[in-house]
Structures are given as structure tokens and as C-alpha cells.
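Both complexes below contain chain A, partnered by chain B and then by chain C.
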Partner chain A sequence: MILAALLLVTQAAAQDPRLERLDPDTRLAVVAVLDSARDVGLPVESIIQRALEGATKGASGARIVAAVRRLALDLGTARAALGNSASAPDLEAAVAALRAGATPEVLAHLRDVRRPPLTMALSVLADLVASGVPADSAAAAVLALAPKARDADLVEFRRAVERDIALGAPPGAATSVRLNAGALDAISNLGAPNGANNPPRRSRP
Partner chain B sequence: MFEQDDETVERVIQHLRRPMAMDPGLDARVMREIARVPSPKRRARLLLPLLAVAAVLATVLIVARPWSWNRSSKTDVQQFVLVAPQAASVALVGDFNDWDPARSPMQTAHGVWATVVRLAPGRYRYAFLVNGVEWRADPSAPAAKDDEFGTPSSVVTVGGRGS
Partner chain C sequence: MRTLALIGLACGVSVRALGAQVTANVEAGITDVQYDGFLASGAASISPTMRWQHPGGRGFFGARGTYLQFQSGRRSIDGSANGSWFTPLARHWRGELGAAAGASDYANIASFSHGQVDARLHLMDEDRGGWIAATMGRSSFGGGSRPVTVVAVGMWLLRTDKTMFVSVDRSFIGDTAYTDLRSSARWRRARVVLEGVVGARVWSRGGGHGVFGEGSATLALGRQAALVVSAGRYPTDVISGSLAGRYVTAAVRLGRITVRRPVTPVYSGNSRASESHSSPSATDTRLEIETRRDDDVRLTVYAPGATVLEISGDFTDWRPVALSRSPTMADAWVASLRIPRGIHRINVRRDGGPWMAPGGTTRSADDYDGEVGVFILP
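Moving on, here comes the complex of A and B:
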């Protein structure tokens, strides 16, 4: 009886009702990926969301299955780099950073120099690359800022670089100039109360 | 003294040997009480469903990890805006609403479509669905580089520290 109850609960958990939006074959394959991910302790919500994204966008089953398999693999790589205690948001952001071109070593280095959460630092790295900044320049900039910068500082850095790029600056140059400007700013702020020069900003994507 | 004691003992023995009047309902009452006390087998039968319920609860906790449902108790209000004067409808869809266009329809004022969503810390992919058919990325947000489904998406990150 206990075994039957365990089986039912496991099946109920695996067959998330949201996945009913997938066709039966695709759902079966996605559930298999989810089961494998759960077995090794990976977070599955982002995998479910990727499958739902594919379904809503009308992607073929094969494309959806390929996407969720790739995501599960990348989550595994991210966890190997960040450690077993990494949170789901950190792992998901790490996947974006890996796909942007950051190496697992960069992720591990970031984990060593910045206390969790690492979500914003990893996201900024990925977003800089998406803006055209070379992956090694983006990684170097984020690693340089990571030990001291607040999340809001990292977002502001990314916006500044994006503005410069939009105005015609070469992405790599924009990154290094903004990084050096930030370093000068930090030096000039030595002695100021913590955060005194960084008033809270309203959230924007 | 010794003889007196013998007599006393004899009296006591006689007293104890007197037939005693038993309450005729005693046996029935005792048997009723015994029947109420669970036997080891009955105790096990009662315990089994409790063990099953405990096992199910433990499995739910292990498999579903309800503590991870809510990424964090700290959430951030995010405003999403798309300027689309020609659009008849715009929906915000993304990782935060199961990519369900019905969940976050946007309101318009003179062609400026907007909605507000409360998000827990994390990195989310999203896009705008215009008129139910056209996918658009958010021009004011970083692009999702790894778009595997052939339509543009954007990303929004909510930090957990000083964001």
C-alpha cells in the first residue's frame, strides 16, 4: 500500500498538469527529462517553462524536446561549477552565462569572489555578451566588479555599457572604459558611508 | 502467646475461605474493558494508515520541494511596457506566467501597452504577443540570446541583493 502511494505521488508530481499543453509524445519525452533532472537534484521549473514556451510559440515536439534536454544538461554543468548548494535562480542565470560563452571556470571563480546570490552577476555577464561584448571581456568585467558591487551597481554598469554601444562605441572598449570609470569612482568614494552614493533605483528590466 | 497467634492465623484463614459474593456483572464489565484495549495486531492495523500518510507526506516534500516553489519571499514589482499604437491586443508571456497569454493581458493608453508583475529573484525569459499572433521582444530589455524556438524573447533579472 505504501509503495502504491509512493508511486502515485511520484507520478502525480512528474505529470505536471501544465504539461498537458504538449502533445502526448512530446509530453512523455519532457517528463522523462524532468524525471532525470529530479533524480540528480536539479531544479525543474525552468525546464518546464522552456517546454511551455515552445508549446505557446508553436514549436515542433522535436524542437521542444531538444531544448529541454539541452537545458537540463546545461543546468548540470552550471551546478558542477557553482556547487551543490547553488540556488535554482543562480543555476538558471549560470546557464545563460555559459551559453553566452562564459566558461565553467569563470563561474567557479565568481562563486569564490562573491557571496550568493549570484543571479544578477551571472545575468549581467550574459546580457553584456548579448549586447555584443566579447565573452572574455564581459567575464573579466563582472569578475572585477563582483567582490564589492551591489546588484544595482551591476545593472547600472550593464546599462551604461549598452548606452555606449548604442551610441556607436565598440562593445569591448565600452566595457573597459566603464569599468575603469567605475574604479575611479570607487576610489573617489573611499570614506563615504556605505551606499551613500548609490541611492535606490526603481526596478526596470 | 504462640498459641494465641495460631488462633489468630486460623481465624484469618477461615475468614479468607468464606465464599465471596461476586458481582454478577463483573465478568461482562471486565470483558468489555479488555475488548476496548487494542491488541498488538489491531494496534498495527491502526498504525499502518498513519504510516502510509506519513510516507506520502514525506514523498511529497522530497519530490515536490514546496520550499523551493517560492524562490524567495522577497519579490520585486516590475513594469513591462510596449509601444504598439496599431495593436488590438498585447499579452505579456514568460517564465513567470507559464507562457500563458491569458494570464497577463496588457492595458493600453494611446497605444502604450503596460502591465505590472510581481517577481521573485531570478532570471526570466519573456516576450510580447501582439494581436495573438506576432511575437515581439522588449526593445528596452536585454535580448534572450539562446532563442531556440525561432521567435525573439527578452530577459529580466530580479536580483536578491540591493537590486
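Moving on, here comes the complex of A and C:
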């Protein structure tokens, strides 16, 4: 029995030498999670990294195993919402959005209205919620922008909301105001006195 | 057009201007102009412009000068400056205090100057809004000056690539009084911007009557150049002393020079969320990320007072990496690493303390009773 356990541990370490930083019991459990994830086609690198993060932070084996199991479950939920073709970064960002409070239905809707990659849109969604915007309002904003906005537009939208919040606006109201205010981007250029309409005005003689 | 700009600022829009705190350009053009009561004339013009905007969207300052050289050999020169400061957004309301001043001179014959202050109250909803405003000041011609008072009200409406507004203002300059009704629209698609304004001057005593309208098309030739064609008729501006006229102008705009502190075009998330926690981490350390060629990334962590600084993240397989002191920036620590594009997690540790999420990242709970910073390399 002991020999068999040692053999399993050796096999686990052989799969990814980085896991040697885990104690043998934890390593076995993590490898089991990795195998399960791999069997269903989930990306395993983020799971490995979650385990290594726990090791660096001195977490107990039980906490590490719980963390990787939870992540694997969330990745599965994310993939069910985004589809089998979803990339690893998209799935990781989707997990962050789910944990922030977005629903799988929102993720699926986002997949329907925006071409991949979805990483930035999902991250902006998670970030809005993290800054205090109600999850449903954040989802509505991102879904409204998603069909046409570029990644850079989404980032700037997020920054604009952040700035309004910093200036004292309630997060939900800031998001709402900003949702369509993106159209005003170009207007800021008009603030330059040298706007497009620059007739040759002349003093009256 | 300034009204549109104010709308943008009032909404705190100018996302692009967030990083671009100072911009400047020069417009050079040729024009055919006929001032009311004068023969048509050709002219060449050059107009430098600069604009500063508060990085937090709280205000702006702009200045512009125009030199006009007429066919006759005479010249006109004018300069103006304006600025505004905005109160924080309170639900749907935002206040604004502004000031403007200018002076002009035509062939050493006529010289005008003016100065004014104004206050506005903006009401903003999702895609529409309005404002009321009051302006007071002085306008002078030669040695004499007259009091200026303007009251105005307006509304604006947004659609994805279009902006429209209507306004009405009543101006009193000494014994002169008039009302301008104005409607403007702006449409933008790809590299082309179309703008137009139509209006009418009514209920006028000494300010002239009639309708006016101007239109322009701007074709961007890149980030630093644009072609501008504009034409129309504009009314007398009694405050600044400009004469009503009609014109056709073709010009080249060069510049849009941006002066700013280099900012990494990396989405590093929500710093405010980071600061909302009570841990000292967010305020004690701040991460800046600079992407270079391929996957080469330079990380700079600002950590005042630290003697040892380490980072750890999924790009180091969560092995601690000690940073080096920056040779050029105080309190800054740097490292160059290969980090692939995508979403990443990072922690920093100062002087052997706990692992923390640095400011400048999206701070979130890790699975180990701590926190982790998240950023994206696009």
C-alpha cells in the first residue's frame, strides 16, 4: 500500500515538476483534480498556479485542495456558459466575473453579442462590481457596450466610471451616466478652442 | 462648439484626455471671406491652440491665437483663453465655474477685449441632459467698456456616434441686447467628423437679425494631421467684437501633441477598489507595467520606505522574485520579466512582510484568506 502511494506521488510529480513544492498528500489530491479537469478539456495551468500560489502563501494542504477544486468547478461553469471553444484567458476572466456576482446567463449573453476574445470585457465586468457597481448594472453596461466597443473602449469606460466614483458619484449612477457618454469621447476634442468650426473672425473696424 | 465641449467635460467624458493632460496643435489655412458690408477677400490664417485638462476631469484650460493676413495686406490678430472647473458629480448634477478672456486687433484700427466669468448647473441623465448658465463680464472697445450679462439654457442628446444640442441665450452688452437660438449636431464615423450648427438671432436691439449656419468636415490623416473644410455664415459677436460674415475655408491641422507622464497601456484594473480596503498595501505599493517587445515586460513597483521588495505571481510560478532599486526613480523597484499576454495574478511583499495586492491592480480575495492583484496584458 505504501509502495503504491509512493508510486502515485512519483507519477504526480512526473506530470509537472512544479508540484514538487506541495507535500505528498496535497500533491496527490491536486493531481486528481488536474486529471479530472484535463479529462473534460478544461485548462489546467490556472489550477496548477492556484496550487502554487497556496504553497507560496503557506496555506495548508486542505486549503490548497479546496481552492483548486473550487477553481475547477468555476472553470467548468464558465466553459458551460462560454462554450467549448472558449480560451483559457477567457475562462479565467469568466471565473473572476462569476465570483464577482455575474451570472452564467450574463456570460452566455456576452458570448452571443461579442466576438472573442472576451477577456477584457469579462475583466471590466468583474472590476465594475469590485468597485461597488451592482452586479446587474455592471452586466447591463458591459452587455450594452460589448457588441461594438473595442477592448480599449471598455477599459476607458471602466476608468471613466472609476473617476466619477472617485469624484463622489454613486457607482450605479456613474455606470449609467457613462454607458452612453462614451459617444462623447470625440467631443472632448472640441474643447480645444481650435475646433473644426474656425471661421476667419475679424474685429469690427 | 464650446458648449459641446462643456457637455463633454461636464459628463467628465474625455476618456482619451484622461492621459492626455496637455494637447496642442496648429491650424493653417486659406479662406475666402466676406464680412457684412465689405467686399469679399482672400486671406491666409494660422491658429495655434493649446489645451490642458485636469487628469481627473475636474477642469480644463485652453488658449488660442489666430493671425489672419488679408489680400489687401492688412492683418487681424486675436487671442483668447478660457477655463472651467467642475464640482464633483452629485447624482445627476454637476456645477461649473468658468472664466474667459480675449483680445483682438484689426490693422491697428480696431481693438477689442473682453473678460467674463460664468456659472453653470448641469443636469445629466444617461443619454441626455441640460444646463442653465449665467455669465457676467466686461467688453471694451478702445478705452470704453460695457457690462456683459448672458443667461442661457440648453439641452443635449446623445446617440452612439451622434451628438445634438439646442440652446437659447439672451445677451446684454451695454445697450445692445439679442437672443440667439442655436442647434448643433456632430456625427463621427471612422476618420470623418461632420459638424454643423444652425441658428437665428431674434429679439435684437443693436445686435443684428437673421439666420446663420456653419458646417465643417474633418478628415483625419493620422494621429497628428487632419484636413478641415468649413463654410458658413456666423453672426456678429458683440462681446468679443467680431464682425458677422460668410466664409469658405480649407485648412490643415497639425499636431495634437500630447504631453503627459508615460502611462503603460495595460489594463491594471481598479485602483479605487484596492484602496477601499483598510490594509495599508494599496497605498504603500503601486504597480506600473510597461510592455516592450514580445513578452518582455518591465514591472515597476513604487514602495516608499521599503528596503527589500519582492513580487510573486503566476508568471513566476509563484516563486518570489526580488526587485532591484530603480537607478533613476526614488522609491521605485524594477524587474524585467517575460510575461505572456493574458490575465495574471500578482502579489508583492515588502521587507519580508505579508503578501499583498499592489495598488494599480484589481484587488480581489484569493482563496487563502488574503488578497491578490489581477491585471491584464492585452
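Definition applied: the second predicted complex is superposed on the first by the 168 of 205 C-alpha atoms of A that agree within 3 Å, B and C clash if a C-alpha of one lies under 4 Å from a C-alpha of the other, contacts with A are read in each partner's own complex, and residues count from 1 in each chain.
By definition in this document, a residue touches a chain if its C-beta (ideal position, glycine included) is under 8 Å from a C-beta of that chain, and two chains touch if they have at least 3 such contacts.
If you're wondering where the values come from, they're calculated on a predicted model, not measured in any experiment.
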Using the superposition described at the top, determine whether chain B or chain C touches more residues of chain A.
C
What is the contact status of A:S123 with respect to chain B (first) and chain C (second): first, second, both, or neither?
both
Report for A:F157: first if it touches chain B alone, second if chain C alone, otherwise both or neither.
second
Does the superposition put A:A140 against chain B (first), chain C (second), both, or neither?
neither
Contacts for A:V31 in the overlay, against chain B (first) and chain C (second): which applies, first, second, both or neither?
neither
Tell me the contact category for A:L73 with respect to chain B and chain C: first, second, both or neither.
neither
Looking at the overlay, does A:P43 come into contact with chain B only (first), chain C only (second), both, or neither?
first
Contact-wise, after the overlay, does A:V113 reach chain B, chain C, both or neither (first, second, both, neither)?
neither
Where chain B and chain C land on the same part of chain A: residues 18, 46, 49-50, 52-57, 59, 63, 66-67, 70, 88-89, 92-93, 96, 99-100, 119-120, 123-124, 126-127, 130-131, 151-152, 155, 158, 162, 195, 203-205
So, in the complex, the side of chain B touching chain A is made of residues 48, 51-52, 55-56, 59-60, 63-64, 68, 71-72, 76-80, 93, 95, 98-101, 120-123, 125, 135, 138, 140-146, 148-151, 153-163
Across the complex, what residues on chain A touch chain B?
1-2, 5-6, 9-10, 13, 18, 38, 43, 45-46, 49-50, 52-57, 59, 63, 66-67, 70, 87-89, 92-93, 96, 99-100, 117, 119-120, 122-124, 126-127, 129-131, 150-155, 158, 162, 195, 203-205
Can you list the residues on chain C that touch chain A in the complex?
1-2, 4-9, 11-18, 23, 25, 27, 31, 33, 35, 43, 45, 47-49, 51, 53, 56-58, 60, 62-64, 66, 68, 76, 78, 80, 82, 88-92, 104-107, 109-112, 124-127, 158-163, 186, 188, 193, 195, 197, 214, 216-218, 228, 230, 232, 234, 236-237, 240-243, 245, 247, 249, 251, 253, 265, 267, 269-273, 276, 312, 314, 317-320, 341-343, 345, 347, 355, 362-364, 366-368, 370, 372, 374, 376, 378
For a test of understanding, state which residues of chain A touch chain C in their complex under the given definition.
18, 46, 49-50, 52-57, 59, 63, 66-67, 70-71, 88-89, 92-93, 96, 99-100, 119-120, 123-124, 126-127, 130-132, 148, 151-152, 155-160, 162-170, 173-174, 176-177, 179-188, 190-205
